[in-house]
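Naming follows writing order (A, B, C and D), and every chain is counted from residue 1.
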Amino acid sequence: MKITASGDVVLLQSRDHKSFVFVLQPGARLESHRGILLHDDLVGQPWGQQVESHLGKVFTLLRPSTDDLVRHLKRNSQIVYPKDAGYILMKLGIRPGCHVLEAGTGSGGMALILAQAVMPTGRVYSYDSREDMQALARRNLARVGLDGYVDLKLRDVAQGFDETDVDALFFDLPAPWYYLEQAAAALVNGGFWGCILPTTNQVSELLYALQRSPFTMVEVEELILRPYKPVPARLRPQDRIIGHTGFLVFARKLAQE
Amino acid sequence: MKITASGDVVLLQSRDHKSFVFVLQPGARLESHRGILLHDDLVGQPWGQQVESHLGKVFTLLRPSTDDLVRHLKRNSQIVYPKDAGYILMKLGIRPGCHVLEAGTGSGGMALILAQAVMPTGRVYSYDSREDMQALARRNLARVGLDGYVDLKLRDVAQGFDETDVDALFFDLPAPWYYLEQAAAALVNGGFWGCILPTTNQVSELLYALQRSPFTMVEVEELILRPYKPVPARLRPQDRIIGHTGFLVFARKLAQE
Amino acid sequence: MKITASGDVVLLQSRDHKSFVFVLQPGARLESHRGILLHDDLVGQPWGQQVESHLGKVFTLLRPSTDDLVRHLKRNSQIVYPKDAGYILMKLGIRPGCHVLEAGTGSGGMALILAQAVMPTGRVYSYDSREDMQALARRNLARVGLDGYVDLKLRDVAQGFDETDVDALFFDLPAPWYYLEQAAAALVNGGFWGCILPTTNQVSELLYALQRSPFTMVEVEELILRPYKPVPARLRPQDRIIGHTGFLVFARKLAQE
Amino acid sequence: MKITASGDVVLLQSRDHKSFVFVLQPGARLESHRGILLHDDLVGQPWGQQVESHLGKVFTLLRPSTDDLVRHLKRNSQIVYPKDAGYILMKLGIRPGCHVLEAGTGSGGMALILAQAVMPTGRVYSYDSREDMQALARRNLARVGLDGYVDLKLRDVAQGFDETDVDALFFDLPAPWYYLEQAAAALVNGGFWGCILPTTNQVSELLYALQRSPFTMVEVEELILRPYKPVPARLRPQDRIIGHTGFLVFARKLAQE
């Protein structure tokens, strides 16, 4: 039987849909409106165990999914939602062993997903010009043991990338159209390029720039996640949902000498 | 410069959005309404190269993305679309090294995606009761070099699974509610369970069964993919789209002795 | 120049999207966090005028649209949203002069829309078994001067309807499948039948009942309203939206002797 | 019992969802792949009657809904879909007695819906610069007996409108931002202005122009219609749907001297 150990990243989920993601540490405790739980009481429990706070509130002790990890990141910025991130993996052909470049580290959510998808032999190179963001991303990656697969680089993207022949490149930047030359220089011939943008104006601006670039096979897509109330006798979509995260743009790099 | 070699899986994409995925083989040729291309003329070309058919039609020579691979599978059955598959990876915590069980191999599209996500050290066990489907899935996996990561098992799910302690389990079956006991026996405590179903009736039936099962944290979700016409001066959603693929249901297994 | 008069129904809209719908009455005043406005100061103003509260907050003085009227109803129940109501008018062929029966008056929102669409020569018959709801609906209709076009009837639908040969019938009831016989008795041959239901289970139950009924040409549809942030340089869908109101079901009555 | 008469507009709907809308005329016949029906055999039938073609195919004889009428218009142009038109009625406060101006008659579908909503005492003024479109719209309106409520005017919108103090104005034009001054001159103070546009670029351009105009309370919205397969035991959204018709923009005219 698999049991939890100190150092494990765990998800504690209450029956009323409140959840916590944290690392089990000797002597630490989780405090919330639903009561106190001592980490020492959680260590050695089977995964999937139901445990009680000192107030008698029931929690389930679980390994966090990738979705859980990303949703519980400490963040200073908008994250790439898992619905988008999963699809980006499919469209950029991300697999174990890939070398992937990311521009716009932000809180490190997408870097986390990319690192987990390319490990153990692949590598992620993630650029950001803000030191505070990279420090946060570093902590977020370290907490889940993925910092060893990511090179965080503090640099303005305008100055270009150190890497060449990377398999895929993802931009989470407000004005990606300025950096297509830098992108092309880093990407392998035929490589995958992707981007997320919140507004239609940005998408149009980018599409104009892509027309004058060595990129081809441009696609623009959007994913809408519709959650349902999981009640068997009264199945229905949720009343209030997230209506928009971002537009996804994908392209491929043509061969260059 | 990276170039293509015999045995590579390639994507040829025409300017008018017709695409082909195939393995480069000495002496073979690709014939279509857009003209003929000899594989021998493609071998040794740089990735991302534009090539011409004997009719002068231009194609771009690319590595297929996971999305491309799945869309071009030979299939006898409905496939799990990449928009859904990518999100399933996020929700089931699939990563390199995971052991994942699938029930309902179908044409092997989801097995392909799972294999690619857990390789090189993980493993996929995929069950189906139809021999023809498994033969097709085997060919589809072999073509892209992923058959080494998948154990295809010809068996009715009612008879249970050989594996125990798998990290995640995915059901692509018409009546998953009959097999929750078998699922629980195969899954590790706390493990991830997921499922795709086309109709609301099936979702309700499943939700009833999950209430009487050792599964918890049930979620029902749906993803709608909205493609846009990538024209910078006239950006707009596509006129006709796929309106539905399936409902996704996720749950976690509670600890059992 | 058209100006406001005592007795007019007005919409006051602040710049920060707070709005009020009320009847102009001598001596009355509107009080809110944005300050006080005297009705007497509003009477005689041109429509479309910008006026200030005693706190200097600017409001625009307007005739309410049907959408505004319905959104500002006093309500004790879920209303039929204007996006759904407008489409229902199109599907049920509602036009001036029609006789329309409604079962499930609720707060009177749909009765208001129907009354306005069939006036001056048509008529709405609206049934509800709850006296408090009908009293509320009566006040809501009277406030906007439409009570003269609606017969509110306090009765359980199981007991049938007084009317025959009505052009269209709309059900806003939790279990419409029990009352299809009563519906058929009230509707003209070939007449329009419609219904709104929040859950998929109800839709299925209704579809079964419709198969054993004199109704044909059954359609199930749903409308999703996606509002955008109206910022020209940063156009994008709203972040949080209403994800579900109800499923619409439509059918036509076959000829009966 | 209500029966059909010569001159009636009828909908004939086959069991396999093929439908025809036409005017009953002595001596005429309907021919299709599903067989021949003589109008003379249809006259005098009860509404809602099932009739057979000479090939034994069954059709239901019905009054067309507004939705049916618009879907069966003869058209040379994109129409405003009923899902959008119904909502436009709600947002523009269209009701019997209103005077409504439309710019961009097209095939007359929206004029038909507006005419039906404002009759018998209201009026629609519909402008178009193409003679062929207006001729088509005139025939479409006459066929359903609504031409008496619509003034069709052949004119370029740049030259302005004859009317003043109209209650509402609807633009179905590619570049509405050029004609806001003309719109303001025709609309009553506080009046309703609406517009449909297919691309995001047009919406942005319009939003810029509205900022410099006497219009306020600008809203941008979009409606997505999701049809379901009406099968009680296998309820599910349709596989392929219309993904986009147009963006709706609404605004109100501020008071002007």
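Basically, a residue touches a chain if its C-beta (ideal position, glycine included) is under 8 Å from a C-beta of that chain, and two chains touch if they have at least 3 such contacts.
Just so you know, these numbers come straight off a predicted model, no measurement behind them.
Engineer: Please state whether the interface between chain A and chain C is built from the same residues or different ones, using more than half shared residue numbers as the mark of same.
Structural biologist: Since more than half of the residue numbers are used by both chains, the interface counts as same.
Engineer: List the centre-to-centre spacing of chain A and chain C in whole Å, with centres computed as mean CA coordinates.
Structural biologist: One centre to the other, that is 43 Å.
Engineer: When the C-alpha atoms of chain A and chain B are each averaged to a single point, how far apart are the two points in Å?
Structural biologist: 21
Engineer: Which chain D residues sit where two or more other chains touch them?
Structural biologist: In chain D, 200-201, 203-204, 226-227, 233, 235, 237 touch at least two other chains.
Engineer: Treating touching as the only link between chains, describe the layout with one word: line, ring, star, complete or other.
Structural biologist: It is complete, because no pair of chains fails to touch.
Engineer: In the complex, go through chain C and note every residue touching chain D.
Structural biologist: 1-2, 13, 45-50, 60-68, 70, 82-83, 85-96, 113, 116-117, 119-121, 165, 188-192, 200, 203-208, 211, 216-233, 235, 237, 247, 249, 252-256
Engineer: Once bound in the complex, which stretches of chain A touch chain D?
Structural biologist: 200-201, 203-204
Engineer: Which part of chain B faces chain D closely enough to touch in the complex?
Structural biologist: Touch residues, chain B against chain D: 198-201, 226-227, 233-244.
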